[in-house]
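Remarks on the structure that follows.
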């Protein structure tokens, strides 16, 4: 017998509303397994739909920040919040997106010393401030990001991705969400 | 000339997609004004839709936690994050929901000394832990909430409302969202 | 039956030394009620006299900082210390002094985004440093205040008002001092 | 030439109001020198009078807490606030009051390991909470002090002495008050 | 051209004192590469010898704590200190010692949720307190470790390993020590 | 009967390995007493030898930083870590090395206001950052030290002494090491 994946009830796939089941099957098809967050969130169908829609709006955008850059933000925020699920899951995605098996561990250990560009460090500096001291974010913080070459749209995305995962990390920590073992080998 | 309500572009109402405009007009109808968060978020239509759907799923539920209790959580989280917009806007809503013109200021100043029940203080203790140290949330924290008489569904809601506003607060702080002056007089 | 206003004994007005009673009656005459801090402190007559004398020396001065500016400092310090009594009482006074029903809530939520001048933000930046990290206050911090156009006397007052309410906030929190309901409506 | 004792103007003794000068001469008579805090505060005569009256009401009381115990609180608070003047001056006084040349350094380094009674450690635990997290002080914190054998009057004094020196420490730090070299040898 | 492995001079292997070179060759023989910490520390031969002797005394002991348990402590301390080198290098060693390719990432992300025993969590709780708040370590903290079944020798080792890596982490961070890419694949 | 000097077993001098006993006798000869750290660490002979070798490599160097400067770093780090033993013992040594009976208390209370040179304050600023936030140490922090006139060797030493005492402080706190009363009078 194994540990439950969440401290809250986890529905069986075939009991889920059709749209949610369909969405999960697409992921399973693509990944080869169902990441636990999908089933764990699905016990609240309305929240599931909003969460996924929000996630996709921020993470699937293909203008501006690259897919790898979005994952860097997720990982920097998630390790600071000590969200085990997100560190493991998005560490795997970042390895794939960046085509670099070492990047996630280096970035999680200390993003200031990770093998990323100075521009990307400015991005993570801002994301970290939004995540840990948003009440102090000022016009000059936003300007520093623009000065590093980011557009206004990218500036928004950096803050929004950070804020979204500040929520996700807390949800995952509050439900004690377990990462799937399958993530471990991805992108190594 | 007045300060802009956001550091990012704010669309005119009549340029918005029909569904978003319709949603905003309903709020305007009910409140007598358009809360700034609606226009400020609407520059990103997809995120707007997901944000509102998520918000409504958590805040419009009418089983379990009362509407006032949900607003207590929002206010306790928002004052800790120093989100001016959310403190002002949800302070107004809490005054209305609790039918108490003094409650919001007392709760924002120090919820531990607010005129609320011991059960509600347990609720805010848990919400505060999810908001400020979610990596330390354990089975015994969840049990303490259940022991205070909350159901498992309510336990989820407490954490989820806290987490959602940890995101909202950061978004509002990152965009420097200004609260509407109209909130000030509501529920006094 | 209502909650006691303090965790310590509260003397009846007519049992107090004549000078203290006289002082309290003046306040009652002017305000229409006796703010709880007066009765709660009066169980220690000597400390009451020193506290009031100190308070008046700092808060009733009419050169330099305006009455509203002094209250801004009090509010910024008191919300950071989560002193419910001082946030409520001095929030009311600031609304009156600034002739602005919205100012106190905006300033308490996040003074960095309050509708005050850049000069006043420099004032609150220094007050906040004195309140939260006085061991790091240096000549350059003092110079920044002078450079914003404050005199040396005003510089002293900013620090002294902050320090005095760092004491008051702790006294009020340690005695669990309850704010009078009458404050709520003042200056709205 | 030596460093000034304060970043603010320091009046010459013979320019001071008669009552303040008299008070200072008494101290000089007793100590053999004028502790810098007296001259530095005297540039603000009204505040000087209130400060001294408050200080004496709390520190010269001879019921309840002993003189040494009051100084222990001062030292524990002052080292946490990194107030150099108060650590040096009150370290000297504590050595005298406790008739122990080693106590002040041991207590300043870590009061939890100082050679004092368990009851006195409960006293300093409460003083530390009032000083560093007064918004969390609750009825059970007060009860713990009473349970250790302190009276209600002593409980008040512990909190009030801590709060008063939280003010004094900030004043001294904001004015960059220099300790007199004479303190060094006292009580060794 | 690649980044230097340290912000300080790094000696060539053949310029090193014989004993140090011999020690390094043994590691190279065993690991297939020279971990950067060896060359980076070797510019200070005396410190190198003391560091290695200390490390071996703590990490090569084979009574009491297992090799994997020692590495768990190292990893928990190192991720909190954000020491990239130690997280990467000791993450690799822990994977080998625990014969578990997933353990290091799970433990680094949040050791409280790692797949280790309750006894091992008590071990890491104590190590974390020694690392982050050693001034608060008390007899009851030590007793909690003994109560979990550890011997007095093991209790010492837990604290000593934590303390040693609090030093190592700071040294590595201060010299900007780069982890070898070879660590990445070890134990996966 | 007196308090034990450590929470762990303390060996009798004549039971110790010859080299350790010899080393301790030299100290006793020079100081007139045996500092408790020697006996307390000696229950672990291997760790004792490595600790002393490391200590001597860093603290007995006579190029670069003066002996007094090395002790300033130790004291600044040790008071922040609230290590009673190190504050007392190294406070005594600093008084001797600096030939100044007042320096240690002034520096421990707030090194930013101690009577040391601006160059030495830069040294302690860097040591404090290594001690409290080494993950943020960057090339510009190192450059600031070099710009103050320190050599690269001295830069290393500042960080290494800080790091070594971050370890020592934690060891002493974890074993509840008591300072010898003899330190009190040294160098006054």
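A, B, C, D, E and F are the chain letters, set down in written order, and residue numbers restart from 1 in every chain.
Quick note on the criterion: a residue touches a chain if its C-beta (ideal position, glycine included) is under 8 Å from a C-beta of that chain, and two chains touch if they have at least 3 such contacts.
Predicted model, so just to flag it, every value in this text is computed and none were measured.
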| item | value |
| --- | --- |
| Label of the chain whose CA centroid is most distant from the centroid of subunit F | B |
| Residue-number overlap at the subunit D/subunit F interface, same or different (half cut) | same |
| Chain at maximum distance from subunit E, centres defined as averaged CA atoms | C |
| Geometric centre distance via CA averages, subunit E-subunit A, whole Å | 29 |
| Chain centre separation (subunit A, subunit B; CA means) in Å | 23 |
| Averaged-CA centre spacing for the pair subunit F and subunit B, given as whole angstrom | 51 |
| Two or more partner chains touched - positions in subunit B | 82-83, 110, 135, 173, 176 |
| Every chain pair meeting the contact rule | A-B, A-C, A-E, A-F, B-C, B-D, B-E, C-D, C-F, D-E, D-F, E-F |
| Contact footprint of subunit C on subunit B as seen in their complex | 78-79, 82-84, 87-88, 91, 101-102, 105-106, 108-110, 113-114, 173, 176, 178-179, 181, 184-185, 188 |
| In the complex with subunit C, residue positions of subunit D that touch it | 7-9, 44, 46-47, 49-51, 53-54, 57-58, 81-83, 130-131, 134-135, 137, 139, 142, 152, 156, 159-160, 162-164, 166-171, 173-176 |
| For the subunit B and subunit E complex, residues of the former touching the latter | 135-136, 138 |
| Residues on subunit F engaged by subunit C in the complex (per definition of touch) | 110, 112 |
